[in-house]
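Should a chain be cited, it is by its letter among A, B, C and D, assigned in written order, with residues numbered from 1 in that chain.
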Amino acid sequence: MPREKRASMSEAIERIQPGDSVALGLALEHAIPFAAGHELIRQNTDELTLIGPISDILFDQLIGAGLVDRVRAAWVGNVSAGTGYRFREAVESGSLAVENHSNLSIALALQAGAMGVPYLPTRSLLGSDVFDESDLFVEAEDPFSGDRLALVPAIRPDWTVVHVQRANAYGDAHFWGNAGAMNPAVGAAENVIVVAEELVDPEVIKSDPSRVAITREQVAAVVECPYGAHPSPLTGRYNRDNEYYLRYHRSTDTRAAFDEWADKWVRGVDGRAGYLDVLGDPGNLDVSEPTVAAEVTYGR
Amino acid sequence: MAGERGYTDRELMVSAAAREIEDGDTAFVGMRLPLIAFQVAVSTHAPNAMAVYESGVVRDDPADGFLHTMCDLPNLDRAVSTTGMLDIMSRLQRGDIDVGFLGGAEIDRHGNLNTTRVRAGDREIRLPGSGGACDIACMANRTVILMAHESRRFVERVHYNTSPGHGTGGDWREANAVPGGGPVALVTSKASFGFDADGELYLRSVHPGVTVDEIRPDFPWELKTAEDVGIGEVTTTPEPTEEVLSLTRRFDPDGFWTQ
Amino acid sequence: MPREKRASMSEAIERIQPGDSVALGLALEHAIPFAAGHELIRQNTDELTLIGPISDILFDQLIGAGLVDRVRAAWVGNVSAGTGYRFREAVESGSLAVENHSNLSIALALQAGAMGVPYLPTRSLLGSDVFDESDLFVEAEDPFSGDRLALVPAIRPDWTVVHVQRANAYGDAHFWGNAGAMNPAVGAAENVIVVAEELVDPEVIKSDPSRVAITREQVAAVVECPYGAHPSPLTGRYNRDNEYYLRYHRSTDTRAAFDEWADKWVRGVDGRAGYLDVLGDPGNLDVSEPTVAAEVTYGR
Amino acid sequence: MAGERGYTDRELMVSAAAREIEDGDTAFVGMRLPLIAFQVAVSTHAPNAMAVYESGVVRDDPADGFLHTMCDLPNLDRAVSTTGMLDIMSRLQRGDIDVGFLGGAEIDRHGNLNTTRVRAGDREIRLPGSGGACDIACMANRTVILMAHESRRFVERVHYNTSPGHGTGGDWREANAVPGGGPVALVTSKASFGFDADGELYLRSVHPGVTVDEIRPDFPWELKTAEDVGIGEVTTTPEPTEEVLSLTRRFDPDGFWTQ
């Protein structure tokens, strides 16, 4: 039998050490592993490097909690409201180093890591200050055509943390809906933590091997956590809690206000169950008009 | 607020942005107003337009429900495809995106955009950053920029060039190996602008109730107009039609983006 | 309404011109578009360049029919029996130019085309004669680490032809089971012909957008052709007809024998229906023990 | 044919190949005998082994049905994953494949393999080519080679180096930027071989009923043995156990690959 990797959220997140690099929020506004991020805050795992295309408010929360030394990202803020106050303040106060990317450059950096090559070339970036003010990217001539290209070096996160619809205890996971840069980040990572809305029997995953987005050999831990992506949406399960983002924006414009927010929603609650107690029934966000995917069969 | 004109500035911007999508276009749609504008376009003059979203979504019709973000479930439900970012960005990089939408905190004379950091007096204010904007700006066949009309946003030279427009003008894009066509239009809450042969911004039309003389002082350089670039008079931006207004209010029923 | 692209096989294949480059057989031994290839033989579309990782016997058939000037591939033969006699003879007689690839180099070349970049780097190839005897690849130093890499230039086929389980008339297609280099080849191609086991209502495809492997904007024609991948297998539909490959091997060791084979199975039949008449009921290959994929929902 | 020994040469090769897969390994499995060998290994001593196939398949257990090719539906049904070639090859390129299987028409002193073209007198015979073999040879942590034992296959230097082994020996791989570990074993229908510290082939064991003196003349160079490289005597390859034979015959019920 393959090794089971089922863990509680606190056990899984304990494996992430201070100083590690962590990729999360990879599917853009979709399927953000907020529950895992909040556990990082409760465990006070600091000196982190965060990696991702756009993070919506999860990066802002981790930065607000004082856990982050460096961000390698294309966009950090609040998609509903624009500014992420904790990010802005941390940059302006000099406590946070930012490596500016575009969405494509961060996706290519992770894809290079996933492919096991030191870099990937792109026709983007040249001409921008994302390129010119960076010491990360290199300009090079294409030896075939003479075209000028930007080369994006690989990023290999210590950890990639994802939220998926369902997984088995070995770490094989089904995911559907838009994936953003999730697949490159999973491939590039040294270790992967899979947070699943639902842990299922291995045969459920094996019934649809083309739906498998993650296979077990890279997975360090699997955590079952219903509503673990709230307030972000999860395809087929629950809608985005837009109001939550707007309230977060209004509640975190000062450090003191953020601490109050974090005490209420993160530090002062007993894991995700406690968070849901504070939130109240999230059922109003549930998918109420499901679209059932057309039947697919395998077999022999 | 809609006020006496019967529509808001943002509703007019949606209407103008929608007209920038031609039938058959593949449009790279980002956050905010373009989310509504694509849905209006595909419901009116551009029934064969497709939208792609960097999150990994391809869509050919309006979502059945309000879109707060591109990843809201109505945007994924019954999409043409839900895939990954590299799939979408690869379409952009191989030149298959006809039009992309951009915004910015600052725009300069040649349509370069800054969404990374701005100066306010002594203070440098950090903004969210590029997201996919740099990529769209570099590689879409053409781009359309939407911005609130505030004079502080119009600068001689952006403080940080997040999303290259026409650089310093002329053949700058070619000389700098920037493959896409660059910006063709800027729509603000007061006026619409084009870019001349040298890649410089010019005033194309003013929105109803706005005069050319109101616009000029907002720019720290001598703003060109349609007349200056030899394509006739500055016109008045068409008002949104009843159909477009009705669609806009269907796609944004609480007016979150457009009121 | 989007443009409908439904076409008969002969109409679709007529669009491929003599001298064009065509990628097919991309999912390796799976889902090979034999019906489309046979129509190329009936239309005598020659001077072709064929592109693909391994082709199983379809490339051998097109070569045997005298249609191919050049092959860009990693492996050409008969997976059941080894040698493809028509390929071997064409190379040895000097009538066929071969660009030798590895599976990874052909996949990377197509992926470079799909990504819109002029090349992709790899850690494979160096040290092999696939590299040393080729004037295609270039060695380059990684500017970040100093590592030596091989660079694989992009391939952009004029046509990619694929066989899928189901598609709509616009060209959007569902595909499942192993895909080999299909996705890169679809992205890289100037035009795509989709041969579908079944044409379905657009709503069927839209019920599962994460299952979509091909979207319409690159598709030139969609052809419905049941059993169009025979004798190769198609996931969920029919098994591989192993005996057919072995018989092909035994029947094509001389040019005359091949012509007899081609007259019987391709030139002398009226399209795929005629082929199936000669074959007899292929129902014994049908999947008899289907595995039904676990339910997936979208919705809002 | 099984004959009086109770098993065929190929069944012995399957047994020997299976033993090269360690528990927990990720194995890159190709055509023919390795298709059976992986299934035997995972059913016996290596229950936690995984197989990947360049077609885009990941599997952790035997297929429920005969595998003529890696794409046969029983290999896809209830797989761990069915995906694409770049997904699988990326695992190889980033160094995650423990062991890969290779075959060849020719092998030379340092384990280089030729599957592209061979000479037969004046004639040059074209073979199918690399497939994924070059990639596996370059990048797997270790490779295991299976070949029919025929003297014409053992050459001083391969006519075409499709799949690099230890090149010219010594630190050739490192000097030529070939990242994987190279071949560790060759299993023929008569004997099993290892590679010494210099990357040269040596005879490790002879299959039951075969003598060392029978093997030596098949090689155009002075073949080293286990004794020569200081790891003891040439042993006799273990016979396949009853369990392994029974499994082999379950996975290849008509003996298509192994009889």
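Rule of thumb we're sticking to: a contact is a pair of C-beta atoms (placed from the backbone, for glycine too) under 8 Å apart; a residue touches a chain by one contact, two chains touch by 3 or more.
The shown structure was predicted, so the numbers you read here are calculated from the model rather than taken from an experiment.
> Using the contact definition stated above, find the chains touching both chain A and chain B.
Looking at chain B and chain A together, the chains touching each of them are C.
> Across the interfaces C-D and A-D, which one involves more C-beta pairs in contact?
C-D
> Where the CA atoms of chain C average out and where those of chain D average out, how many Å apart are those spots?
Between these chains, centre-to-centre, one finds 28 Å.
> Starting from the mean Cα coordinates of chain A and chain C, work out the distance between those two points in Å.
36
> Centroid of chain A to centroid of chain D, CA atoms only: how many Å?
From the centre of chain A to the centre of chain D is 40 Å.
> Averaged over CA atoms, how far is the centre of chain B from the centre of chain D? Could you give it in whole Å?
The mean C-alpha positions of chain B and chain D differ by 58 Å.
> Touching at least two other chains at once: which residues of chain D meet that condition?
57, 72-73, 76-78, 82-83, 86, 92-93
> Show the residues in chain A shared as contacts by 2 or more other chains, in ascending order.
Expected reply: 116-117, 122-123, 147, 149, 176-177, 205, 207, 210, 235, 239, 287, 291, 298-300.
> Make each chain a node and each touching pair an edge, then name the shape: line, ring, star, complete, other.
Shape = other; not a path, cycle, star or full graph.
> Touching residues of chain A toward chain D in the complex: what are they?
The contact residues of chain A facing chain D are 1-3, 113-117, 172, 187, 203, 205-207, 209-210, 212, 215-218, 298-300.
> For the complex, give me every residue of chain A touching chain B.
Touch list, chain A to chain B: 27-30, 53-54, 73-77, 79-80, 82-84, 87-88, 91-92, 98, 100-105, 107-108, 111, 122-130, 132-133, 147-149, 176-184, 232-233, 235, 239-240, 242, 287, 291.
> Where on chain C is chain A touching in the complex?
116-123, 138, 140, 142-145, 147, 149, 151, 153, 174, 176-177, 200, 204-205, 207-208, 210-211, 235-236, 239, 287-300
> So in the complex, which bits of chain D are touching chain A?
Residues 26, 47-48, 50, 57-58, 60, 64-65, 72-74, 76-83, 86-87, 90, 92-96.
> Hey, which residues of chain B end up touching chain A in the complex?
31, 53-57, 68-73, 76-78, 82-86, 89, 92-93, 116, 123-135, 137-139, 160-164, 167, 172-173, 176-179
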